[in-house]
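Going in written order, the chains are labelled A, B and C, and every chain counts its residues from 1.
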Amino acid sequence: MHVRRATARIVVAVVAAGTLAACTGGPATVSAADTAAVVSIGIGEPTHLIPTNTTDSSGAQVLAALFTPLVTFDRNNKPVPAQADSITATDSRVWTIRLKGGYTFHNGEPVTSDSYLRAWNFGAYGPNGQDNNPYFAKISGYAALNPTDPKATPTATTLSGLRRIDALTFQVVLSAPYSDFPAALGYLAFLPLPAAAFDATGHIARGFEDQLVGDGPFQMRDVWAHDQSIEVQRYDSYSGTKPKVGKIDFKIYQDLTTAYSDALTNTLDVLPGVPTPNLATAAKDFGNRYRHSPSSAFQYLAFPTYDPDYSNVNVRKAISMAIDRDQIVKSVFAGSQIAARSFVSPVLPGYRANTCGAACQYNPVAAKELYKQSNGPAKVQITYNADGGHKEWVEATCNQLARNLGVKCVAQAEAKLADLLPKLQNKTPGVGMFRLGWVMDYPSMEDYLTPLYSTGGSANYYGYSNPQFDQLVAQGSQQPTGAAAIRLYQEAEDLLARDMPVIPLRFGQNDFVYSANVSNVSVDLFGDVNLLDITVSGT
Amino acid sequence: MRSGAWRALRRRPVFWVSVAILVVVVVMAVAPRLFAGADPADCTLDRSMAPPSGAAWFGYDFQGCDVFARTVYGTRSSLLVGVLATALAGLIAAGVGMASGYLGGWLDSVLSRLTDIVLGIPLLLAAIVLLHRATANGSGHGIWPVVGTLGILGWTTAARVVRSSVLAARQQDYVQAARMLGAGHGRILVRHIAPNAVAPAVVVLTITLGTFIASEATLSFLGIGLRAPSISWGGDIFAAQARLRQAWWPLIWPSTFLAVTVLAFIMLGDAIRDAFDPRSR
Amino acid sequence: MVRFVVRRLLQMVIVFFGTTLVVYAMMFGAQGDPIQALAGEKPVSAAQRAYLTEHFHLDHGFWYRYADYVGGLLRGDLGDTLTLRPISSVLAGAWPYTLKLAGLAMVVVVVVGVGAGVLAGVRRGGLFDAATLALTLVVIGVPVVVLGFLGQYLLGIRLRLFPVANEGDLYSLILPALLLGMLSLATAVRLTRTTVVENLRADYAKTARAKGLSRTRVVGVHVLRNSLIPVVTFLGVELGSLMAGAVVIENIFNIPGVGFTLARAVRTEDGPTVVTIVSLLVIVFLVVNLAVDLLYAVLDPRIRYA
């Protein structure tokens, strides 16, 4: 009897405490149902999760849950401070970054200037072999950490351009003015790391990558189960906007079609990428749970500059005019992509529609005429990588060229892009045109113009080189204001329309589907699911 | 014995049916224009996934190509790859299996271990390396790289089966008797051992033929199979299965042709084996 | 017998090293640019390229790297994948899945395949025989990828009988095991049928029947034992190939097993991972084949090993 009464009192006390705790959750009300429910999101296996080493979209999605960046982006894709309180400069060269107080890492460690300086110096130091190392090249002192001879030891271990002012303020000195620097800071290379991430020798501590400690709205619930899942839960001491769901499981899939089938049976909640063959039935399968949102993806065909067959700009323009972009968008992609008639993505500030002009308008008659006049080759080839799901649209494009230009067109597959690149480097004949794609790192025109079109650009595999273009872009990035920079970038883009080094084909969108279990699902510019807005249905 | 086998063969209806099918298939491979009027390379998205009609008996596939034309023209590559690769694999299997089973001893050990190594190397890996090399200069040599790769990697199962049959046959009384009567190794191998080893080997090889044609499809899928613009059943099957829910006709026809051809080979194999079996006459 | 086993074990060691050499040479020969292959489409930073080149001695010659690899193996250090995860932990996570999957498939093949083959052989020319022939055709005519997707669609989505993807439990492995075993099943059925038919016509079978033994005993004891020899060979080989050949099925059903890991390693030109996995697979083959050869001696007393 006594035991029973005592137990009853304890039970009542516990329930009361629980209800009280639930009520005092903060501005975003937390119901018991929320904390129990798990939202699952489909991703691929990330290659790495240390921010300075992460380049794939799956890793980026997980980092969006675990970390808070310095800036996020508003509806016009302009940067707004997030974990930063303010980012200011007088001359676009010396930037003062002030952090908001009160943010902590998941292990309780406060987020300070050192958290950033530590991580950036680690990423910039050549011998650490971080894949995002080039993003620190704009900071003064980078060369000392990255000698040109990869076997030589760098002369410094920290960037001279990084200066700590106090616990919440630091300064970044760039080697040349760059007005889009605040936008660049939104890229995950610039995320902070806690002191616990490093061991005594300055390398990443063993096991840290499998159980990351970040400063974001979610923390890891369990270690990274490779090829299976990454589980996170809400971080209750988070100072920013709290998410509405309590737990998220990032389920790792090898095959996107399987993930789609799982979403169809409501076993997977969100899939931020629909495989192309399923696009045709997605609307029927999911109804209004199949949506699009703008993304920065850009698909194009490039011409190797060493191939004499395509050296005449009119040949290239004729080929571009013979492609019916709208038909491919409708038939192959079920309207989920957009025909591209400019050289940079529409999500960027400074984008103008139709910069390509007449050369990107479908005109088979004029195309055939122009092609004949400029002695276009009787046989053309489009090379593509077989592992990217491109077979259908490349073959369709080839068929269009064959019909409209009266040529023989071959769609040649290479096993992967890495097999094609050495052929380009060695100037192997017979490659023909080849298909490439680009996704932005951060929303700036410069992030397209430099890697894709400038001499020696990191993605300029085709060898296009125009000194006037290079100069305009360099001048643009040194302008004091974003508006002045954009004016020069646009002039540079006009040169591209004249030279036609590539054929713009399509701009991608984020196509995503979600199950009946969740609501308020949206996918941002980077292709990441918005984790703060998503809710479990019925709550 | 050979004339007896031929007579037995001629009497089986199964033999004639399979030969008839194979003759049709071979003619289709040699002269596709006799069967299909349309041009398989004439494709336009305007007709994407159009269903079967008077103009196109099998309908149109996703790219808008005539499925019937593509299936007929695809016969040549698919058939050549299957037959040549199986012939190569069969030759190697027969040689290795018989030497291994009959001679025994250290040769058996070496060959068996060699079989193990080849078996252990995954088809995917070896295919990628061998075909990578072959096409490194951008000029495919037609079907020979694929035939060679499949043949060199696919003989192992048949070899093991041949070896086990030879091992068992070697112990048979009539073989011992022939030895005692003074017959030489060659004669014993050809007249007594080989016919016993033929039966299970033929069964395995006829199925291997089918898997070779299908393997060609996997290789095409990876971008290292038959180079464009060659047409094959396997390649078409792969392309069609991704959009199966939109249309079934691009998948069903190449699959049916493939299955019927393999059936014909199997029936032929069965008939030959039955004819050679001295116990069934 | 003991000498036989010992000799085979010694040979296994030689084969193991021989295979590692051959496979290593193949990966070496396949080298396009493994570092770029790892990164996919985005350009690789110079810093990471230098780091990986150093870590994996990519700028050294073939024999140096092979010796380095073998040295590590002998010390028990399997090395790292190109993404710098220890290969041993990658394999430790992958093996259980593949073993379960292949094991299940094997059970299906043995029970259903041999059983159906015996029935078909005994009732030669009947409806059952025709049915098994039809099944064989469907399985051969349609590549395993298509069968896999079809099976997943029909049984997983339409009929909701099985889960579409791996959920960590044994039930979700049943459908993939079925599909994985299909081709082996077809071959096993046909092979069993053929040898059963042959042996039924053999003199000893006719004699046994003439002596008055029941048909069941003739088939079950005498014919079966002799028929099983080539079938056992075949099954022994198939177990090994089931494991590596499970690549497609593991991919479709999202099972993070050895086949999938191997395919990904080949695709990303991850030499160390490929060589290690293949070498281990070869050991599995060798052990299985040794078991098969020993089983011969049990099944057919006339076969003797010195």
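As a working rule, a contact is a pair of C-beta atoms (placed from the backbone, for glycine too) under 8 Å apart; a residue touches a chain by one contact, two chains touch by 3 or more.
In this text, all values refer to a predicted model and were calculated from it rather than measured experimentally.
Taking contacts as defined above, which has more of them, A-C or A-B?
A-C
Which chain has its C-alpha centroid farthest away from the centroid of subunit C?
Chain centre farthest from subunit C's centre: A.
When the C-alpha atoms of subunit B and subunit C are each averaged to a single point, how far apart are the two points in Å?
Here subunit B and subunit C have centroids separated by 21 Å.
How many Å are there between the centre of subunit A and the centre of subunit C, using C-alpha atoms for each centre?
Their C-alpha centroids are separated by 39 Å.
How far is the middle of subunit A from the middle of subunit B, if each middle is the mean of its Cα atoms, in Å?
46
Touching at least two other chains at once: which residues of subunit A meet that condition?
257, 385, 387, 415-416, 419
Residues of subunit B touching 2+ other chains?
Residues 128, 132, 221, 245.
Going by the contact rule already set, what residues in subunit C reach two or more other chains?
32, 149, 153
Using the touch rule from the top, collect the residues of subunit B that touch subunit C in their complex.
109, 112-113, 116-117, 119-126, 128-129, 132-133, 156-157, 160-161, 163-165, 167-168, 171, 199-200, 203-204, 207, 210-211, 214, 217-218, 221, 234, 237-238, 241, 244-245, 251, 255-256, 258-260, 262-263, 266, 273, 277, 279-280
Could you pull out which subunit A residues touch subunit C in their complex?
It comes out as residues 47-48, 53, 55-56, 126-134, 146, 150, 226-228, 252-255, 257-259, 261-262, 264-265, 267, 385, 387-388, 415-419, 421-422, 436-437, 451, 458-459.
Which residues of subunit C touch subunit B in the complex?
7, 11, 14-15, 18-19, 22-23, 26-27, 29-30, 32, 133, 136-138, 140-146, 149-150, 153, 183, 186-187, 190-191, 194-195, 198, 201-202, 229-230, 233-234, 237, 240-241, 244-245, 247-248, 262-263, 266, 274, 278-279, 281-282, 285-286, 289, 296, 300, 302-303
In the complex, go through subunit C and note every residue touching subunit A.
32-34, 36-55, 83, 85, 90, 93-94, 149, 152-153, 156-157, 160, 163-165, 167-168, 250-254, 256, 260-261, 264, 267, 269
Which stretch or stretches of subunit A touch subunit B in the complex?
My answer: residues 257, 277, 280-281, 324, 327-328, 331-332, 385-387, 391-392, 395-396, 399-400, 402-403, 410-416, 419, 423, 428-431.
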